[in-house]
Amino acid sequence: MINWLYIALQAIINGLLTGALYAIIGMGMALIFGVMRIVNFAHGAFLMMGMYATYVVFQATGISPYYQFPLAGALLFLVGYATYMGLLRPIRGQVDFMVILLTMGLALILVDGAQLVFGADYHQINIPLLSKNIHIGPQISINAPWLVAFAIAAVLACALYWVVTQTMFGRAARAIAQNPYAAPLMGINVNRVQAVSFGIGSAAAGIAGSLLLPVFYLFPEVGNQFKLKSFVMVVLGGMGSIQGAAIAGLVLGVVESLTSLYWGNEWALAVDFVLFILVLSLKPSGIFGSQRA
Amino acid sequence: MKNWQALVAAVFLFAALFVPLLVPTDYILQILFRVFLFAALGLAWNLVGGYAGQLSLGHAAYFGVGAYGLALFSKLGISPWISVFFGIVLAVICAAMIGTISFRLRGPYFALCTIAFAEVLRLVAKNLPNVTGGDVGAQVPALFTHSATRSFYWAGVLLTAFAFALTAWIERSRFGYYLMAIREDQDTALSVGVNAARCKLWALLISAAITGFGGALYASMFLFIVPDQVLAMDISTEIAIVAMLGGAGTLLGPLLGSVILESSAEIFKTVFKEAHLLIYGVLIVVVVLFMPEGVVGTLTSKLGRFKKAPLAPFAAPAPVAAQEETSRAALNE
Amino acid sequence: MSLLEVKGISKRFGGLKAINDVSFAVKPGEVTFIVGPNGAGKTTLFNLITGVFHPDSGSIHFAGRDISHLTPNEAAQIGIGRTFQIVKPLRNLTVLENVMLGAFLRTSSRAKAEQEATKVLRFLEMEKIMHLPARGMGLPVLKRLEIARALATQPKLILLDEVVAGLPTSEAIKLAMLLKRLPEWGISTIGGIEHVMQVVMRVADRVIVLDHGTLIAEGEPKDVVHRPEVIEAYLGSKYKEIAL
């Protein structure tokens, strides 16, 4: 009877592994939302771009995504920075909706653009690591790529946390998040910090895409599901809190995994949203949000 | 003040009735049906998103429920038009539940919540094949058997005319005033006795009813529906975009928005073929950058008219919770 | 019979006790001012009376009815009007339309609302600018607009939060004289002013002094102003001697 325990444990471990990648995506979104209150509907498209970029480089050079993901990060940082400076900053004073609308338009452009360039087919890559499994006891096995991705994600999450809490930039970003009117009065170059934040948030999405490439199918709309999940993480994590989003990512991964195990795959995404609605109704400041803004 | 908009629309809608007599092809009539359908849907959305200022990105919920209502009730043997009625009732009930929970939230949180509800409905429809047919889909009875395409077209025009008249009436009424006050500053509205929660809910119920009816029409035109078509976020965003780009909170906005966007989409499909969505995205970005108040909003500002309706920009990041009660950041009561 | 009776209310936010066991009453037709240094809790008190917050303990009665747990719009409906310290005009509407919003509480007819709003604007000497947009108006006009909008709801009690703050003294006094006439309309008035004592002295029938959430003095203006506790609250203990 102890079998069910091992099966559940396996599901939980799988969930944590997936959750780590979710966490990166969520942290990126949380940074953007926290600093600028922008709900970035192009976040998924950025992930997709990172994925395609890594794919292209892989096809050309054979370098594993686990080594070349910084490239995707750099690319998406530039894309994010440029997007903020060129498209979002001009409309900063506008109604919330318009900003959302613009990111939606951008997403359309990127996704359809990807389809034009790469076609609508599903792509995947094959790396030797894929066939390696690590066994813990007779019942639990972990697919190596996921473990590598988990490790990288964990390091990146800590790095991001360090940047946000320990550096001047991070402090400036948090200042803007807390009080966008007072921040410039403190000598903070609000535009630049916001653009960099947007860049970092987008880079996170790009890197997540890169790390996903070995274990996921690649197609133009791949980012959509992650976009919605990142909204869920931001809310669950509370008011743009990065740590909160990270933990929310892990929670989401585990909850999805267990749901798939006991109720089937189809319900996994639905559970995300139900959780989302529950948190919004009962504790809108997020599971990990304090009762402060 | 608003009379020119009402006049333009009235003339336009009246003239539209005669179009089938001039246009021979079903193909074009279908496109025009879509234009008017989304104009009506945009007008319905406008009540909540434009006048009340609550950005709903989950209107597909009501659209889909209306569509599935028609499909499923008629499967039970109920006549099509009665099924439409029940579908609308169901959509309104959904709106009551969704609104009660969602309206307690402000700004982006509200929008995300509406998305979540619509997605849950979509996934439920997908995952209960015994009830809804799941991904395989559900059959929908034909509401019109005689010269179907024309009839659907006229239904679309009439629905738009109805939505338009209703909006115009609301705009002039105390209810409309209250909605706009809620949009501009909910605390001020509360302080003069406006029951904000109730007003927003009513706006949503009316909006959902019209949207549900539109969903039923749409479903009946295609005779077959699947969750990823009628409950998709694409529908929600299309409705919102039509209203916002045309000019949320204006009378003519959704109508104009639909004409421009739906016809552009069709043109792009023929001219740009595979790249049509990309061009559509470019159109959206361009309009947002250069006409942030929507087409009608920008036009009226340029004409120097003083308008009460176009949305005032929200002071950048939303819940900068004022003095004391900071725990109310995302929750409003 | 008091119109408003506040009995032993307290309110804390996290670790801060914003209102500490405050009790007072306002009689119909009276003009009462709540004064106190910044942070004394005046706005919180208003928020408690109008239902934005609810007291942790104690009770508030209005015309005999317990209103401790009302919502803001209910408070307006039963006859409590208020203005905000930071003016909140509806910028996309005209001055008249702004005030009509208040008038709509008592009528659903647009024509009647317009009539009532016009009456109020006339009282506040704003008829000339009735049809101009609220956007771009200067502070004195916006302050009067706040009052007009609240008056249009035909309140029995009106709470004016820092209604002359930021106005040049001449304007403040003009406005205060207008406010002194409110009891003629059957409205009791409470105002929270922190420093423009000239206005308080001229207009108030009674003054209540708050400091750090506690009621430290109450009575007629000319009495209260000289009390040592009041001077200490504003200027610090060094100046207590001035009192005598």
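Note that the chains are named A, B and C in the order they appear, and that numbering of residues resets to 1 at the start of each chain.
Everything below uses one rule, namely that contacts are C-beta pairs under 8 Å (C-beta built on N, C-alpha and C of every residue); 3 or more make two chains touch, one makes a residue touch a chain.
Owing to the predicted nature of the structure, the values given are computational and were not obtained by experimental measurement.
Undergrad: If you connect every pair of chains that touch, what shape comes out? Choose line, ring, star, complete or other.
TA: Shape of the chain contacts: a line, open at both ends.
Undergrad: As a test of understanding: of all chains, whose mean C-alpha position lies farthest from that of chain C?
TA: Centre of mass proxy via C-alpha means gives A as farthest from chain C.
Undergrad: Find the geometric centre of each of chain A and chain B from their Cα atoms only, then give the gap between the two centres in Å, rounded to an integer.
TA: 30
Undergrad: For chain B and chain C, what's the span in angstrom between their mean Cα positions?
TA: 42
Undergrad: Quick one: chain A and chain C, Cα centre-to-centre, how many Å?
TA: About 49 Å, centre to centre.
Undergrad: What positions in chain A touch 2 or more of the other chains?
TA: Residues 291 of chain A each touch two or more of the other chains.
Undergrad: Give me the residue numbers in chain C that touch at least two other chains, ranges are fine.
TA: Residue numbers touching two or more other chains: none in chain C.
Undergrad: Find every residue in chain B that makes contact with two or more other chains and list them.
TA: Residues 312.
Undergrad: Using the touch rule from the top, collect the residues of chain B that touch chain C in their complex.
TA: Contacts found on chain B: 172-174, 177-178, 180-181, 184-185, 187-196, 306-310, 312, 323-325, 333.
Undergrad: Mind listing the chain C positions that touch chain B in their complex?
TA: Touching chain B from chain C are residues 13, 18, 43-44, 47, 50, 52-53, 71-73, 76-77, 81-82, 84, 88, 90-94, 97, 100-102, 104-105, 108, 110, 113, 133, 149-150, 152-153.
Undergrad: Inside the complex, what are the residues of chain A that reach chain B?
TA: By the definition above, chain A touches chain B via 33, 36-37, 39, 87, 90-98, 100-102, 104-113, 115-116, 177, 179-181, 228, 231-232, 235, 239, 264, 266-267, 269-270, 273-274, 276-277, 280-281, 284-285, 291-293.
Undergrad: Using the touch definition up top, name the residues of chain B that touch chain A in the complex.
TA: Chain B reaches chain A through residues 49, 55, 57, 101, 104-105, 107-109, 111-113, 115-117, 119-120, 123-124, 126-127, 237, 240-241, 244-245, 248, 274-278, 280-285, 288-289, 292, 311-314, 316-321, 326-327, 329-331.
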